[in-house]
Amino acid sequence: MAVETRAEKTSPLREVLETRQYELNMGPQHPATHGVYRAVLQLDGERVLAMESVLGYLHRGIEKWAEYRTWTQATPIFDRLDYVGAVLNGHGYVGAVEKLLGVEVPRRAQYIRVVLGELQRIANHLLWLGTHALDVGAMSMLFYPMREREVILDLFEAMLGQRLLPNAYPIGGVRFDFPKGWEPVCRRFLAAFPGRVDDYEGLLTGNRIWRQRTIGVGVISAKDAIALSLSGPTLRGSGVNFDVRKAIPYSSYGDFEFEVPLGKNGDVFDRYLCRVREMRQSARIIQQALDGMPEGELRGKVGKIIRPPVGEAYYTVEAAKGQLGYYIVSDGGEKPWRVHVKSPSFVNLQGIETMSRGNLIADVVAIIGSLDIVLGEVDR
Amino acid sequence: MSRLARSAGNRGSTPREAKRAMTYEVLLNTVGWPLAKIVVLLAAVLTVVAYIGWFERRLLGLFQSRLGPNRVGPLGLLQPVADGLKLFLKEDIVPLNARPFLFKLAPVFAFFPAFLGFAVVSWALPWATPSGRHHGFVVADVDLGILLVLAVSSLGIFGIILGGWSSGSKYPLMGSLRSASQMLAYEIPLTLSVIAVILLGGSFRLSDIVAAQQKLGAYFILPGLLAFGVYLISAVAETNRVPFDLPEGESEIIGFHTEYSGMRFGFFFVAEYANMVLISVIAASLFLGGYDLPGVDDAALYAAHPNLASALGVFAFAAKSALFAYFYVWIRATFPRYRYDQLLRIGWVVLLPIALANVALVALLKLWLLR
Amino acid sequence: MAFLWILLAAFIAACALGVVLSRSPITSAVSLLAGFLGVGILYLCLRAEFVAAAQVLVYAGGIMVLYLIGVMFTDSEALRLTRQAHFQAWPAFFLVLALFLWMGHRLYRSEFTAEPPVLRVAVAAGADQEASAKTALAERAGLAKESNPRQVSVALFRDFLYPFEAASVLLTVAVLGGVFLAKKEV
Amino acid sequence: MNAIGRFLQMVTFPELLKGMAITTKYLAKPKVTESYPDARPVLPYRTKGRLHVEIETCISCRMCEKACPEGCIRVYPPPKEVFKTDKRPAEFYLNQEHCLHCGLCVDPCPTGSIHHSQEFELAVVHYDDLLFDKETLPYDLDQKRFRWNLLENVPVKK
């Protein structure tokens, strides 16, 4: 201590040579932020002391946009919230309108929605897995999941006509039945899929580099996760058993047997494991849904022009990223009076500051990857 | 030229002519042949370096269930040409914040050391001409061949450090910091693993090391297995490749060459591949017997058909080096990237003690078993 | 050869001046690097290839990297603006001048012979050892033809083993001291 | 024993070798890349590509215009006296640039005159090339022979 005070007095260079923090803008143009997300990092060397998220670079005003369209016309735009999980987004909105209308969706339509939704969940997780692994440096892992995702997208194209933003469901049911030859292809995919997931796990789960990069990184406790109202695999990675499909079963999810994978420590590795296991469970659900597919109508009794009664409704689904909720208000007209989206990516992103404090820059990249954010949904 | 040829023909007719012939002879030996060798070697190495990029991208594609570049020319073989053309035609940008002199100097610093090391590599047994002369397949067969490679390759880091610093941007600066500490951490294990081989071979000269392996009847990968492992890992780290590609770390900090464009970036790019080739070539000659033909008595073959042995030796050498290049690509296709602190821990805490212990081990081995 | 030497010497001297006179620390460091490389080439000209390689490997490749990192991570713009230690400049100048004159004097007075010091010591000690020293010398002459690294190793591990080991002990102590100091600050 | 096992695992790195075996496995397998311009993809029937309109069967009901969320369709019915005999629109504008490919205009069409084609190469040199009127509207010769079965979304021979 004495030495230091003397140095303070004598050295004129002290101010120049002092160790200082510095600020680093990560994004909005940065390969690891998965879009136009910007993080302002306070760094000591490579260690993150504090972090601030700056959002809004991809704000398109989707909620406001919907107010200027009719209830039906608004369906395609919600695909564009989370553009890698479009079918699930559409399901949420359509479900909310159906709830407000009081329409009963036929069981076959519900099952088809389950099949397509779980396929979309797998596709989303595959894309997440590829990009997350690429962020951490595993290059081949970008391409192997993409290969399987391509099969799912092909299935979507055959079924819904589009690969990415299919505008899957009309209000009240589904638009088309499965085309001829669709189901065998899907079953073939489901049969091959677990083996492919084994391959991904063989490349990552046991790999010591992957484990060192992810275990103990970006930890968030269950208490913090609940306090920040995280949801989806990000929440379940911390060991909180909350899945909308189990908690508030919608679209006949109660008929299927599946497990909700849980993590323990709430680190990047647990979130990774949750998602990978979720893919296996999703495949299981699709199998069950295809096996027990009921016959019947595809669409409930919905008029050509949709005018929900005056009132409000909140409908929530388990989207790929977490709990996706739609709060809609109708004034009895042809157009929504208000549509509010509770988007999982936006909420999950809140956790990033807690997770990355004290970690290195490379960990921040891994953490952003493990949150599975899509900026279209964050900024809406 | 014609006068020189004539003078060489009428050797010794007059003292003046004889002197001129001698001068010609000396010039040919000190400047002519080395220069010719340098030109040929440089052309060969540049071609290989260009195509190693194609090789890597193709192979990575095959590893990843896709095809890789296959549009330019048959099998995409003209891809390097297209890439080079693209880099040359791109705009050369010097950022406002940069220090222009160092910014422009840095790629050169990275580029030249990468090629200097090839000078001491002995590619095959000497080539015999009909006139009875023997031309070694090496540009400079100096005493301390491998040491020179290490010394020169340690200079390549200045290109990275200066390039990162002079860009005047934070990401390249971090890249160059990472690179510097990584190079320092892995240079020592690399050198120590090479020292183990030098102990086994008893010389710094690469041709002597190959000869020692031929004499021993086994490649040094067997007695120097540990050294081989250490060399392999630290060589990957020294060339900044996956899983130690932190200085680039394209998803984290983009790399020390973030601000570079056009051919200046191309210099870094080429230097990286040249380093990869160099390190493969050195590994092949240190651990896999270089130009030794496996399963063939090289000395007998050389005595019978010297030129056949030489030519086959070059091919054997190339095949062995390609094995290492394949290995690097394979690793790149498989592994994630280490983190900065983990990387340094591996270098200092794991590799360095192993390499040190290995030197002692090999010394004992040499004392007792291989006298 | 002499021409090359003059060229190199001028280059090294210029680099050294650049180190001292430059205001920007990074320029100083780069000129120091250039100076190291120049000295390395000088060694090469003297047929001391091993020393040249060691010079490049250790000084240019290792130590300069550390210097550069140190310099890079200080705020060099601020450092450039602060006038450092100007009150020491004149005393230092005279001190260095005196040292230079003294060294020049010593160099001028000393006579250069081809005989290595070992032989002269032996001659001074007596005729008895002269013979053994001469055989050693003959051996060395044989070595000189043989290889450069061998000469260095003979010098280090046979002729000057104790100074060499003493130096290594010194370096170890210095490393320990450095670690100790660094630990204290953290 | 456990410690020894872990040590062995540490020095022999079986998991890294397993990963390398997986990449090698895919090295030998057939590739999934489609060499696109050379090999044209076969698209499923439901693919929502560029909008095609059959002006001949259109009855100018303007349902598609009302359904479109982006307002990229404009239909101008013919004058009343003509409409009695010939219901084909006087002008039909389609702004493909704003099209979401959502298919909402296809659903309500009573005659199946507007539908998505399998044409997916929508790149043009200039924006204006994406604005169509009655004369320039893309028109699917192959699909002209079919009527559109709305419920099944399968082609039916006329």
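Labels for the chains are A, B, C and D, by order of writing; each one numbers its residues from 1.
Operating definition for what follows: a residue touches a chain if its C-beta (ideal position, glycine included) is under 8 Å from a C-beta of that chain, and two chains touch if they have at least 3 such contacts.
Being a predicted model, the structure only gives us computed values, none of them experimental.
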Legend entry - Comparison of B-D and A-D (more C-beta pairs in contact): A-D
Legend entry - Chain at the geometric heart of the assembly (C-alpha centres): B
Inset, instruction - Using mean C-alpha positions as chain centres, tell me how far chain A is from chain D in Å, no decimals. - result: 25
Inset, instruction - Could you please state the distance in Å, as a whole number, between where the Cα atoms of chain B are centred and where those of chain D are centred? - result: 52
Legend entry - Centre-of-Cα separation between chain D and chain C, whole angstrom: 74
Inset, instruction - Please work out the Cα centroid separation of chain A and chain C, and write it as a whole number of Å. - result: 62
Inset, instruction - Would you give the residues of chain A that are in contact with at least 2 other chains, written as numbers and ranges? - result: 140, 144, 147, 203, 207, 209
Inset, instruction - List, in ascending order, every residue of chain B touching at least 2 other chains. - result: 63-66, 333-335
Inset, instruction - Pull out every residue in chain D that's touching 2 or more other chains. - result: 16, 19, 22-23, 26, 32
Legend entry - For the chain A and chain D complex, residues of the former touching the latter: 69, 72-77, 140, 144, 147, 150, 154, 157-162, 165-167, 170, 175-177, 179, 199, 202-203, 206-209, 304
Legend entry - Contacting residues of chain D [partner chain B, same complex]: 16, 19-20, 22-24, 26-27, 29, 31-33, 35
Inset, instruction - Report the residues of chain A in contact with chain B in the complex, numbered from low to high. - result: 22, 24, 30-32, 46, 133-144, 147, 203-204, 207, 209-210, 212-213, 360-363, 365
Inset, instruction - Report the residues of chain D in contact with chain A in the complex, numbered from low to high. - result: 13, 15-16, 18-19, 22-23, 25-26, 32, 43-48, 67-69, 100-104, 107-108, 116, 152-153
Legend entry - Complex contacts: residues of chain B adjacent to chain A: 60, 63-66, 170-171, 174, 242-243, 245-246, 249-254, 332-342
